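In what comes next, chain A is part of two complexes: it sits with chain B in the first one and with chain C in the second one.
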Partner chain A sequence: MANRLACRGITATVGVAVLTLGAVACGGTGSTTADQAANVDCKPYKKYGDLSGKQITVYTSIVAPEDQPHINSYKPFEQCTGAKVVYEGSKEFEAQVVVRAKSGNAPDIAYVPQPGLLQTLVRDTKAVKPASKGVVDNVDKYFGKDWKSYGTVDGAFYAAPIGANVKSFVWYSPKQFAKKGYQVPQTWDDMIALSDQIVKDGGKPWCAGIGSGEATGWPATDWMEDVMLRMYGPDVYNQWVTHKIPFNDPKVAAVLAKVGSILKNPDYVNGGLGDVTSVASTTFQDAGLPILDGTCFLHRQASFYQANWPEGTKVGKDGDVYAFYLPPINKKFGKPVLGGGEFAVAFSDRPEVVAFQEFLSSPEWANLKAKEGNWISANTGLDIANVDTPVNKLSVQLLQDPNAVFRFDGSDLMPGEVGAGSFWTEMTNWIANNKPDKQVLNAIERSWPK
Partner chain B sequence: MSWILDASTTGEKLLVMAFAIVLFAAVMAIILFAVDRPRRVPNWLIALAFCGPAGLMLGFGLIYPGLRTIYQSFFDRTSTGFVGVDNYLTIFTQEGFQIVLRNTFVWLLVVPLASTLIGLVYAVLVDRTRFEALAKGLIFLPMAISMVGAGIIWKFVYEFRPDQQGVHQIGLANQIRVWLGMDPHQFLITAPWNTFFLLIVMIWIQAGFAMTVLSAAIKAIPDDIVEAARIDGATGIRLFRHVTVPAIRPALVVVVTTIAMGTLKIFDIVRTMTGGQFGTSVVANEFYMQSFRQFNAGIGAALAVVLFILVIPIVIYNIRQLRLSEEIR
Partner chain C sequence: MTATPDSLSRPRTARRVARTAQRAEQAKTRLSSPWATAISIAVAILWTVPTFGLLLSSFRPEQQIKTTGWWTFFSDPQLTLKNYTEVLFGGSTQLSTFFVNSIVITIPSVVIPITLALLAAYAFAWIDFRGRDFLFVAVFALQIVPIQVTLIPLLQTYVDLSLAGSYWTVWLSHSIFALPLAIFLLHNFMKDIPRSLVEAARVDGAGHVQIFFRVLLPLLVPAIAAFGIFQFLWVWNDLLVALTFAGGTQNVAPLTVRIAELSGTRGTAWHLLSAGAFVAMIVPLLVFLSLQRYFVRGLLAGSVKG
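Let's look at the complex of A and B:
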């Protein structure tokens, strides 16, 4: 017995030794990053003062490998002020950030991708700090009024807009269009005529996919929002998003019917992917790919979809794929643009955190980040020359176009029960189970918190 | 001393290792030394030493959160305003939640019975055959796979590709359908049948558990009973119905109730395979969605309480049967 015990002790000791070694080996790599931005002009950073030895934690939903451009974009700030930015990304960000804020373990800065989540954080956790004067000045100077309003909750401004994306795009293949003699449509009617032409030529014009794990359904909500903006304009859009008109209003029903005339039209969908129900089962990442095979011609999806094209795909006006602006329905409302973005929220008012939040709202950072590639912002101080791809350039043009009416993704502005709940699930049921329009809208209306 | 936390050179790392080993040995030595020293210790201290930590942890980790959840279920989404039974009313009256409750009920009804039945039949069929060990191993294997792993495996089995030129099926189930001359089917989309395709996964996992326990119970039936029955002329199905099943009844009940409790908590499979979409959500999944996606603490807590209430009778029945079977022995 004694022998066996001793033996066990040795095994345990060895086990601990191995574990320790493992931990040591893990900690050994990395840390010293190359000083690639050796000669940075520190002049714009003077106002932040000396922050040597200070540390700022950043928490976001962006995980490896997409996090590296973010980490790189902080380097000049770190170099000039001496502060250290600790980046942490998590796929469970949306749930965790609220839990962390509630339990008093909030990060210094969080990138919040939805104004609805910002409202939850402000109202439910009371841990969010109002934006400093520097941030407010930056936002007033470089962002449109509407962008400031998305960072505002109950009259107080909290969150500086950072990144942006444009959702009102239809992806197509310029090569296929040239081969078949199709033209990029300028109006909605042109687009429908083109769809009918493609059907006549024996093709399926549209491909779509709303699959996205637990968030399944969001691409269909984007469709609704884009069509709402085009049919009834930005004012009715606001009323709809803020529940000034009920969700089963005849106007909303008309919008849903219009969306259904494409997404639930068996002649139009689902090119290369199956029948109407395959719209529900296809993930949004895969949904546009049939364009490359020529089995699909039109795919409505945001600017960020360009990351989903396989390597070697040429994106551009004369390339394999490109995007055109989803055409207007009613001329009266000009050129509405639907988009999204994320916001930097501060949970601390320590000077280094305030300085960093101000830095994130500055044009310096927007340009630094854009140079890292595949990223845009609604910051008007962003120089379009620093933006990389043609679609991103087009997006920045739309965002900075004074004639374009920008509206934020409506489901991100609605209360979580609807915007991240019933709106998604009911749109999914609408497609997957062919649930009638009326029942869909009534169900969403009933779920709206009183 | 900063090298202990932040070792950078090989020498320092070796030192850290040596330090860890010495520390471990020291702690073990203290414990062994303390254990080996006989001393008069009052009885209550021993009782406290054994029960205290467990009691503390149960109180802090189970009872307090349980009571707090029940309390929260009567409050609104931020746990600030009292709303009475409104959360429960919402759960039982809103269409979306009714589907959730219905699905949970279907799971609870089908999975334990189907798993137990399959496990039982399988255990009887392979009992005392030449391939018993191999056959049992095969059906037991899925038990070793995590729910998430099983969900992903079966998601691939059900994977759908359209019936179009140049498109190949990549899912086994749809490939079999195509071979049989049928059209590929959207297994995970079409309600209400998609729930059944999900619970097949759970049955696949749990049948092995049922088989193992029941097989042991069957082997424990005294030979004289079986022999007496045979002499009386019972064979095959009659032997099974009138001798085998009654003899293993306590084991059957334990298996059914244990699987039922596991099924009530089902979350991983649904979340991995459909995310609760397409009308497949169950209570545990909806609880997570409400609490951590829509931040509605009230409804989330109420769903947890509903789950708690559903599981209580099964637990009580399970424990009573366990006691009964022990008394018989």
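Let's look at the complex of A and C:
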């Protein structure tokens, strides 16, 4: 009796499962793929030759819906060469790519978002192939020297820079500024004067949030890096990220104090969100939103923050929100720009993979990709007219500005124990538990691998 | 002489029975007192509140989810189905594809280990062979090996066998990880069946195959169902194994992989997660609710008595 019941129970469940499946399958509508460019000029693709029937797999950390522009940007390459590019994105990319490379199941091309990860892949898995001559030529021609150095490990050049983002931005509301009569500051002192003015008018000038799940603390490390570049310049910055000067050096302490004069100043933070400790508990995605309702005026965050504004927010010089370049402190160092980017790494030297890697480093691809929207590159062959949003245009201007000094996000260059570990957690402690500057810096210094 | 133990033990047993009954009675009155009821209701509510909040959140508009808590629904009720449409039809690949993948992954991953474990458990329980106990302990001890340690070597093996990128990697991996516990549970359950039953069947001329199918299998249904649900929930909810072995390849990736990526590259679309969670929850919930009885009964039968 019991068994018969059990059997019936199981059949019933399978029935339900099939029904649910049917319902879901019936509910689907055909997803419309972006229509292919009608007439593609195949001239620039001649050099890649005929790659009909070949397949290239691409593995990235960029997932839906941001993956579609990437997939679309490969179309002309696929049409002209006949190769097929299979795109695969995963948010667990950083862990999975190492696992896959180690076990011999590596993709053909991977987009590596950190130079530190590139070093791990090259040194630990030994599966990365050095860049071909075509890629090297493209990078020499279209990218700055600093960009090439980030794709280089132990003297060999592996990875072509592809996308980029600029972190040295302060988001603000042009509408609120106009209403209150505030001006966009041109120097650091102007910015502090503006903050004081806002305090005098009864407002809280800054809002910030460093929450980001396991990575909580990274927005605070960006603050440190930006201020380091502005106070002591790119050379000291390099010494700092490569540990030529210790983490508890007086210079680093001065930088932390400067950051603290904003982030830990109860008069300045945390507009619309709470007191100083709320900086640690607010997620970075939500931290800038008070700008929209006028409870906060300034929010330092990267260009990619534009995706965070709710639908219908107008981003632009005369819109609801816009960004200005975080002003310099010391004129001597020009216009320091902090940013990040991805690099295309090849795990195979099959001709179609080599051709595709070269394509990704070419200005043709940079322009194709920019036309797909919300994307920029440090490729100097990128035509600014192809870049869509005002903030992206501003970012490209900064990246192509001959006075600008670009530096890669320092925490991505430091060893993982620091850059993705103690630097994050100690900065969080610094804010959440009001840990003194000195103890914070000593703790990070101790964690630096010998 | 013969009467003494009897006459002595009878009142003792009677007394013991009476005491047990009394205790049960006490427990019953204590448990069904208004206070106990109130407390259990309070606990039930406390436990349900977060799930309820999640359900409510999944129907709220994006702006609301991102700026206020679900309880603001009561002062400012706004509901929308947008999150669900986005989750179901939003991605470049339809959710139904991942749904089918999940089912294709889960069913063999449940059937394979149960089939193998039944045979192994029978051998361990009813066939005498040299080194049986040692082998049994060895199989059980394999449970100690953490999954994470096996990932890279296993994947290497799959690549060598050119299985990578197919369903086989996921099926085999789940089977491997499930077998030690499956064998242990089913073995304990089989051991519980009276030896006389098996011997009677043997006297009647039944071989191992007949004993297994005619005598044991019908009695094992609750245990099989219990382990089946256990394994089903584990495989359905699994992300690590699927991610490592099936990769993100859309041909073989299950629902969990899609849900993990719902929030977008930089986590900006996290308002979709509550809706996604409920979509993923439907099937396990149905399975669990419809087979709940066997789950409790079978698990007790297998583990506690053993």
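In this text, the second predicted complex is superposed on the first by the 415 of 450 C-alpha atoms of A that agree within 3 Å, B and C clash if a C-alpha of one lies under 4 Å from a C-alpha of the other, contacts with A are read in each partner's own complex, and residues count from 1 in each chain.
Throughout what follows, a residue touches a chain if its C-beta (ideal position, glycine included) is under 8 Å from a C-beta of that chain, and two chains touch if they have at least 3 such contacts.
Quick caveat, the model's predicted, so the values are computed rather than measured.
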| item | value |
| --- | --- |
| Which superposed partner A:L289 touches (first chain B, second chain C, both, neither) | second |
| Which of chain B and chain C A:L326 touches, first, second, both or neither | neither |
| First (chain B), second (chain C), both or neither touched by A:K91 | second |
| Contacts of A:L360 with chain B and chain C, given as first, second, both or neither | neither |
| First, second, both or neither for A:V99, with chain B first and chain C second | both |
| First (chain B), second (chain C), both or neither touched by A:T120 | first |
| Which of chain B and chain C A:A420 touches, first, second, both or neither | first |
| Shared chain A contacts, counted only where both chain B and chain C touch the same residue | 9, 12-13, 16-17, 20-21, 24, 27-28, 99, 213 |
| Residue ranges of chain C touching chain A (in the complex, touch as defined) | 62-63, 66-67, 88-96, 99-100, 103, 151-153, 155-156, 158-160, 164-165, 218-219, 221-222, 225, 228, 243-244, 247-250, 257, 260-261, 264-270, 282-283, 286-287, 290-291, 294 |
| Chain B partner contacts - residues on chain A that touch it in the complex | 9, 12-13, 16-17, 20-21, 24, 27-28, 94-95, 98-99, 120, 123-124, 213-217, 270, 272-275, 277-278, 280-281, 295, 416-417, 420-422, 425, 428-429, 432-433, 443, 446-447, 449 |
| Of chain B, residues touching chain A in the complex | 6-8, 13, 16-17, 20-21, 24-25, 28, 77-78, 94-96, 160-164, 167, 186, 188-191, 271, 275-279, 289, 292-296 |
| Complex contact set, residues of chain A against chain C | 2-3, 6-7, 9-10, 12-13, 16-17, 20-21, 24-25, 27-29, 31, 59, 61-68, 71, 88-92, 96, 99-100, 102-105, 212-213, 285-286, 289, 304, 307-308, 310-311 |
